[in-house]
Every structure is written in structure tokens, then in C-alpha cells.
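See the structures that follow.
Consider the two complexes below, in which subunit A is the common component and subunit B and subunit C are the respective partners.
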Partner chain A sequence: MDRNEILQRVRAFTLKELLKNPDYPLKDDEPLFSSGLIDSFAMAQVGVFIETEFNLYIPDPELTVENMDTPGQIADKVLAGLAEQ
Partner chain B sequence: MEQINILSVEFIGFVLITLTGYYLIGQILPRPAQNAWLLLASYYFYYTWSDTFLYVLLFVTAANFLFGILIHKNPSHKKMLLRTGVILNIAALTWYLVGGPFIRSLSLPVDTLIVLFPFIVLPAGMSYYTLNGISYLVDISLKIAKPTTNFIDFSLYLAYFPKLISGPLERARKFLPILSEAQTVDNAQIASSLTLILIGMLRAGILAGVFSLLRPGQPLESPAKSDALSLLWAMTTVMFYIYNSFSGYTDIVRGVSGLFGIPLTRNFMQPFASKDFSDFWQRWHISLSQWLRDYIYMPVSRAFLRRNPSRTNIPNLIVPPLITMLVSGLWHGATPNLVLWGFLMGLFIVIENVRALRRPAVPQQIVPRWRRFFSAASLLALMFIATAPFDLDLKNTLAYYRQMLFGWEWRPINLLPGLVIPFSLLLDWFQGRSGDETVFLKWPVWVQVILVVSITMGTIIVQKLQSAPAVFVYP
Partner chain C sequence: MSLPFINPIEVLQQRAQEDPDRLSHLILGAKEEENQGYTYSQLLHAVQELAAYLQHIAEPGERALIVHPTGLEFITAMYACLFAGIIPIPTNPPGMNRSAQRLDAIARDARAALVLTTPEYQKTFMDSADQFPEFAALKWVTRDALRQASGFSWQPRVVRPEDSAFIQYTSGSTNIPKGVIISYRNFSHNMHALHATRGREYSRDESVSLIWTPLFHDMGLLIGVFLTPVDRTPSLLMSPIQFMTNPLLWLRAIQKYKATGSGGPNFAYDLCVNKIPLEKCEGLDLSTWKIAYNSAEPVRAETQSRFAEKFSAFGFDPSAFAPSYGMAETTLVISFYTGEKKTVVQRIDRSAFEQGQVVPSDSSDPKEYVQAVSSGKPLVDYNVAIVNPHTRHRCDANEVGEIWVNGDSVGEGYWNRPEETAHTFGARVEGEAGGPYLRTGDLGFLHDGHLYVAGRLKDLVIVRGRNYYPQDVELTVERTHPLLRQGGGAAFAVRVGNTEELVAVHEVQRREAAGVDWNEVIKQIRTNIAREHGIRASAVLLIRKSSLPKTSSGKIMRSETRRKFMENELEIVAEWRAPQA
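Now for the complex of A and B:
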């Protein structure tokens, strides 16, 4: 699975489940949590999404705003995790 | 032996001797010798608080060190070993939080109480070093940290004197690697560390000291006899007192630690500029909030989301914040008022989560100003409700709430403590606007000189005026 495919799935999940707005013009480097667009409590949803969508467990202490603030960062984290498996 | 408090001449002397030894040893011996010196100094510091506290710390240290290695070396029994290690930490802390106060409440002879002292009085800092132990074990089991085989380094992780009594909470995976690096503290680091110490003196020594002298919380001593307005005003000033006292304390210890080349986590970030409760907990006692988020909220929330991934599912919305804040309340002290405090804090976060579901997602910058103002005002109003059980026992909390409903009558209030609030907010404003907590380093030298002299003199004067040293031990 390449980065672009991961990114597309992350974007689709973010627009549908987190923003609840499929028409939102989301950029790949747009801060989701630090900008207040989504509250940080939604990070748990991101963790479960990655578990089910990519069969990858990211430990709770690593699900942080610093690591996963933008769709691009989330995709990179998933890519790195899949590479380690 | 006299206990070394943070705002004292003894502490300055202790830090200077420890720092001198640290750098002299660094000139002739490798890094492990510096760590051993720091550990000795930390144990001496703790010993001045109580020799029996030291034994409890040594026991918790040895247990966590051992379990860390066992969890790493026995993958097949990892879960069982992790549970045992975590339960050991929780049981030790629970004993002192619950068992100790219970025995103290029995009418035992004084001689018996003296004998039982090591087993019934919560050792200072234990609430912090047990959480550090738990996060260490969990991180090893999650394979995001490896156990150290260096007992001195691990002991220092739990006992390091700047963070031992009241935090901030540090993660072993960030703290331990620093102990294996050769330390070079440059001029910029020294300047920012000294600035933090100075800001800490201003907050804890002067602002909190003046608050304490003006006795802002007097109406809260007997809420049933005070009117609602006096109580609200007292609660406001007490919140500012706690904020300046605790954040000032943290600034001082972070500054001291910076002089040793060991950075500690920032613990406060303009909490009174929060937009809601969730935001507040990312600005107040940050290291504890992050710990609770990583080791309570996230695992609980993920467990519920795995059963039903919808965020609108009622248990997903309610249970994780409530459990997290109840644990926070119990950690602060296993008393009915603190359980109520945790419940209320959790409840308000649940309400915010439900409200957030109904609003379209928009970046914070484009939220209308009136709505941001309304959010801040409603947060403050709810804080008056939620904070009461943190400061008062259950009986007085109920009396406080009764007066909030029925005690509206005009009586003169002590406005004097309010003089300190603008200084506290101004300090927050300078730090928040620049996004730099040591912004004062960028000011002209002559202004810096005036600040250094006036803060030092002010701290000495205010401390002299106080009958007891204003040292804040949290919780």
C-alpha cells in the first residue's frame, strides 16, 4: 500500500466521520486538532480507524497531536507502522 | 533535620552545592558519576522531608525496576506481569490515600500513631512517582520503551529532586535517554532557566504570597455564613492563588532542572484563556492531563469505540471522560468532595462533547468573537460550580451551592486580593501573545535588570511578611 492510497482513505474517514462534512476543502497539511477543527478527544477514533482499516495498532501514548495533527502526518504514521510490521 | 522547601534559602544553598558538584564531577568523571551524584542529592533532599518517605520510594523504585525487566524478558507472561506491577503501584498509593486516613481517624493512642507513622501518612510526591512507575511499565509492555538495566538511572528517574515532590510528570522514554548524554548547558539555556526561576518567584513568591497574606479564601472557611457574592469572589481569588502558586512552583523547578541540562515538561499554559473544559485540561497541570489521557482516557475510549465505532453512541460519549476525571479526583485524594469534583469535571466534558456533535466543524479562528466570549464566560461560571469541591469538604461544598441559590444579599466584600489578579493576567498575556514563556529575555537589558532586582526584593519581602513559608505541595 503506498502513501497516496493511505492518504485517500485517511481523508475520506476524516471528512465523513470526524468533520461530518464531505464538501469541506481539506488540505493534506491542514492541522485538524491544533487548529480546533476537531477536538483532541477524536484522536481515539483515529486510533480505532487505523486498527480496522489498516490492521495496525498504534499505542495510545503515540496517538498525539504532535504526531498526528494533519491527514499527511496520520498517513506517514500509518506508513511507518506498516513498514515496521 | 529541617525540611528543604522550594522557596527557601536552604533550597538555594542545596541547589548551588548540587550544581557545583555536578559540574566538577562532569569535568573529571563520565556521565554515570554525575547521575549518581544527582541521585545522592535527590535522596538527601527527600530525606530532609522524612526518612520513612525515603524507604517507601526505595521500595517502589526497586519493584518497578524489577517488573520493567520481567515484562520485557517474558513476552508470554507480559499481561500478567504488567497487571501485577500496575496493581502494586496502585495498591501502595491506595493504601496511603485510603487506609492511612482511615487508621488516623480511629481514636488510637498518640504512641501508637507515632509507631504507625510510616504506614499511615502519604509520602510527599508518592502520587507522582507511582504514576511515573505505571507509565514506565505500560510503555515497556506496548514496546514503545525498553527497560533500563541501569538501576541508578532508573532510581533518578523516580527520585530526581526538582520533580519529586509535585511533578511535572515525566515519561521514562524521554527522561532516561537524557541521562546517558554528555551534558552541555550553553548560555542560552542558562538564561532561559534563570528566567523561568524568576517567573516562578514572581508567581509563587510574590503573587501567591500576596494572595495568601490578604486571605482571599476567608468566606470559604464558613460558606453557610457567607453570602453568594463573597463566595464567588473568594472562589475567583482562590483559583488565581492556586494557579500562581502551583505554576510558579513548577516554573522554579523547571528552571533549576534546566541548569542541570535536564528539561522538564511545561505544566501550565494560560489556563484562564481556555475556550472550554477540554481546552482547560490541556492548559492546566498539563503533564497530569497528558498522563490521564494516554493511560486512562485513550484505552477506555478505544475499548468502547471497538464495540461501536460511532461517536454518537451514548456510552462512547459518557463513560471515557467520566472515568478519566473520576480517576483524577481519586488521585488528588480519596475523599467524597474530590470524587464529586472529578464527577463534575467529567460531566461538563461530556456535555461539551454532546454539544460539539451538533455543531459543524470550523477552525477556531473563524468562530465569531461573541461566541468565543460566551464560551469563556460560561466556562468561568461552570468553574465556580466545579471547583468548589476541590477547595471545600463535602459539607461546605453543599453549603456553598445552597448559598449560590439562595444567599444573594448585599454584604461588603474584601476587594483587596483582586489587586493581584491583573498582574497574573498580564503575565499570562505577555507569555500567550508571544507564544514564548521566557519572552522577557527579549526585552531591553535595563528592563530585565529592574525585573530581576524587583522580583528578588519582592519575593524576600513577601516571604518575610508571611508567618509560614508559602510552599505549595500538590496535591
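Now for the complex of A and C:
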């Protein structure tokens, strides 16, 4: 799976499940949590999404706003995690 | 406030004198012709006969195990012990095939001298008596023994408020049974508390109480056996087994006998919603039902609305729902409705609630609020304090804390356990003079004078500084799929390394179901928990139907489920566990 495909899935999830607005003009480097667009409560959802979609478990200490604030950062984290497997 | 002393012995004598032929208790059989009842004078006669015999064979103050199923013999035995000055201990009669281990444990703990039971149970027990020699050596009292003894007459005795009336053994989430001593003062105060709830609905001539909850529990005992003669209302009793096998029998009995007051724990209402097919409800009429009490476990707003939705077409009045709160340690009831609206539901901001704060929410997004159901208001001269269980300081008005209560209904303590009694019954609020208080072990808060119960303190799941109430998580899991059983889940925390992690266990209706992939259901559960609670579960397990540990009254045993999880004893249908770092 290449980065672009991962990114597209992350974007689709973010628009549908987190923003609940498929027409939102989401940029790949747009901060989701630090900007207050989504509250950090949703970080658990991102974690479970990655588990179920990519079969990849991100441990709690790594599931942070710092590491995973933008769709691009989330995709990178998934890509790196998959490469380690 | 000084309330007149209600003495159950005098109450029964008085009723038998004023109204000898009025129905006191009626046991509902499988068919109407199998019903068995006593009028007040018949009950008094049977009680005095047995009491006279007990006075002959036992000393006042000795303890007696009552091992009878729901029936006239149970009621007679309870009253006869009071009349004779013997302290009765109602127990859960084991099935004919089950061991007497728990009875033996209670008998030892209470140093009981007598067993009041049926000849049938005595015979079954004696076949395996060598396992429990001390229990076998107690004085056994059955109707057969009574028949052979005659010519005794009951000697009236003086009862003081401080005398012990009976001992209620707690249904026990733990293995060691503990007996709560209830004095006549406690009894009298709780009868007044229950009386205080009577609003316009109560009428001596029309009120009929119907009980199916076991008589060896506080609810069945206090309402089904003792309150009704105080109230002058007939008490109709069905066995819990009848209800559990077919909950429609309960509703049909309410209809047939025009019951006005009946109820049970929350799960009973769930069971009616889930188990009763609509096509069987033809002609059902629940319009006489004025007080549908809901107690003994946390009350769910959703359960009540689902029940109302299904049964209001059959005359059920949703405003009859009356949640209440209490426990064996307080005789029975602590809080109940007080004449006004019986159910009050408050939306509380979820995020604040998880941090122990109560902030009303006006959100319409269920992710952002929790529905807290009031258990009514503390009754008569009860003192309720919400206290931080660690610092023992009184909480602020908008804070969640442990519920502490003080009042004459609070039992005298645990039988023969001075340390646990001091810890549980002798608590003092830091910096205050009042008390002592009973620590209920439940978390809750007061809002507008109403008491809200959030769950057991020991069951609270604390992950990364946030509080999660297991009931909330269990509800989220259960709503994920229709084949997940209602009230069949347990959520709890386990320690992994240095952190606490959330685990959710839930029963499935059946293992094989066409088109259902349990692993997909688990994924959906994980997603829903994350979405609604902002936390990832570290394990989700689906287990076989009816394999979740529960008490005899149907309460979920979360710590026992946790133990089984740790020891790999759960009957797993499908599971997911987070990889361990």
C-alpha cells in the first residue's frame, strides 16, 4: 500500500467520521487537533480506525496530537508502522 | 422528628383483630386454583402456633436460617421468629441438586441454632449431610416436626426498638457472606420511609402489591412480607422462577389482580421488552399499575423508554416508573419519589462527568452527554452526604463522590464483624461533627434535592485520570448489535504495566448466527467505544450466552468477570486483544 492510498483512506475517514462533512476542503497538512477543529477526545477514534483499517496497532504513548495532528502525519505514521511489520 | 414506633408483631395482631377475614398474603400458583392465601387471622394463627413451638425449643436471641421458597411458609416462619424472639435470617434456598455450601457458610458466620425449612429440603440435605456435619446438627424445624408437637402456647414478649429484628445477608459480590443486623428501630424507620412515598395514588381499598423478587432479598422481604400488613394492602407473591421463565406472567398477573404497585430491578424491564412477543400481549391491560418501582441496580433511562414504548399501547402509564435506591445495609430504601413526578432524567455533560463534575448539558449529541436518572429524594430524616472517598471531605455541590447516609434505617452493623462494621457503618466526614455515616460504596451526586447514583466505587474505571462508569461503556457495547444481550456485559479496568486499561466483555445471544461475523462486530464495538467515550479498549471479548458472572438477583459481577478474564476462564466466542508492547 503506498502513501497516497493510505492518505486517501485517512482523508475519507476524517471527513466522514470526524468532521461529518464530506465537502469540507480538508488540506493534507491541516492541523486537526491543535487547531481545535476536532477535540482530542477523537484521538481514540483515530487509533481504532488505524487498527481496523490497516491492522496496525499504535500504542498509546505514540497516539498523540504531536505525532498525528494532520492527515499527512497520520498517513506517515501508518506507513512507517506498516514498514516495520 | 419522632415517628410512632411500628412493631411488626403488634401490626399483625392489630390487623387480625380489626380485619380478621381480609386477605393478607396470596401466593400465585401456576394456575389460579393453585393459589394459596392467608387472611390476617389465618396468618396470625399459623404464626403463633409456630412461635409457641420455637419458644419451647430455642432461647430468645438465637439465630434461625429461613430456608423456604416464596410461599406462606416463608412468611409464617419470618413472623414466627419475631414473635418468639428468635432472629431470622432469610436465605436463598438451594435447588434440590445444589450444595448447601452457602447455607453452611451463613450458618457458621451467624452461629445459627435453627433451620426452618420444608421436610422436602431436609430430606434432600440429609442425603449428603456428611459434608456439612455442623449444619446437619442444628435444630431443624419443619411442618412435620410442628405437627407432632402440640399444646404449647405463645408467650407474648416485649420488643424494644434497639432489639435485633432480623439479619439480612448481602447477596455477595464476594465469597464471604456478611450479615447486616436490622433492629426494630431500623425496621420501623424504613416502614415510615416507604409510607412517606404514598401520594394520591395510594388508597387502602384499591391498592394491591405484587412481588416476584425473591423474599430472601430486602425488596421482597420488606415490601412483600412486612409492608403490606402495615399498609393494609394485600400482598400477591409469585416465585422469581415464574418470572424469569416467562416475564409475561408478571404482567398478566398485574392485569388479572389489578395490581397497583409492583416492580423489580432494571433488568426485569429489559427482560419484558426483549422476551415478550407482541403477539402474546393481546388484551393485556396494565392501566391499574400506578407505581412501577425500579431499584437494586442502576436505572437506565433507555430501559424505561423502551418499556414504555412497547407497553403504553397496553395501558401502561410511563409516569408510573419510580426509580429508587437502597440496600440491605439501610433495611431497604434510601431514596424514592416523594409524591411528585416519579422519574426525573438529567442530561449531564459527558466530558465533565468523566472528570467527576456535574454540569447540565443542553447538547442533543449523545456523544456529549450522559443521561442520569434520579433515584428520587432521600426519605424522611435521612441525611445524605456526597463525600470524596479518599480525603473524606464533603464534595462541592456539583461534584461526584461516594454516597454516605445517616439515619435510623441504617442497620446496626455487620454481624460479628467489628472492624468491617467500624469501616462501613462508622464513617465521619472530615471537619464535621455529624454522623456516623454508612459508606454505601456507590458513587453519585445530589442535584436539586434528587439523588443520582453513578455506579459502584470499586467498579469505577479510571484510565489516564478520567473516570469511566462501566454501565455507560456496557450500554455502548450492547447497542452495537442486536445479538449482544441486554444487560449481558461487564466493563472493567486491568492493570497492564504501569497503566490501567479498559476491557469489555459481552454475552452473545447465540454463537452461530447467519450473516454475523463476530470479528466484524468486535471492530464495530471498538469503534463505538472510541467514538462515544474517547478511549480505546485494550480487549473486547464476546462470550457465550448466560456465562457472564451474576449474583442471584441478576447483578453483574464485574470483579469476578475480571478475575475470569485474568485467569482465562471466560467462555469466549470471539475476542480481540491489543498487542502488548
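Here, the second predicted complex is superposed on the first by the 85 of 85 C-alpha atoms of A that agree within 3 Å, B and C clash if a C-alpha of one lies under 4 Å from a C-alpha of the other, contacts with A are read in each partner's own complex, and residues count from 1 in each chain.
Here is the rule we go by: contacts are C-beta pairs under 8 Å (C-beta built on N, C-alpha and C of every residue); 3 or more make two chains touch, one makes a residue touch a chain.
Remember, predicted model here, so these are calculated numbers, not experimental data.
Shared-chain residue A:38: touches subunit B; no touch with subunit C. Touch criterion met: A:59 reaches subunit B and subunit C at once. Judged by the number of subunit A residues each one touches, B leads among subunit B and subunit C. When both complexes are overlaid on chain A, the residue A:19 reaches subunit B alone and has no touch with subunit C.
Once the two complexes are overlaid on the shared chain, A:48 sits against subunit B and subunit C alike. Within subunit A, the residues touched by subunit B in the first complex and by subunit C in the second are 17, 40-45, 47-49, 51-52, 59-60.
Listed in rising order, the residues of subunit B touching subunit A in the complex are 135, 138-139, 142-144, 171, 275, 278, 282, 293-295, 297-299, 301-302, 305-306, 309, 311, 320-321, 353, 356, 360-365, 367.
On subunit A, the positions that touch subunit B within their shared complex are 17-21, 24, 35-45, 47-49, 51-52, 59-63.
Here subunit A touches subunit C in the complex through residues 17, 40-45, 47-49, 51-52, 57, 59-60, going by the rule given at the top.
Taken together, the subunit C residues at the contact with subunit A in this complex read 351, 499, 523, 526-527, 529-531, 533-536, 578-579, 581.
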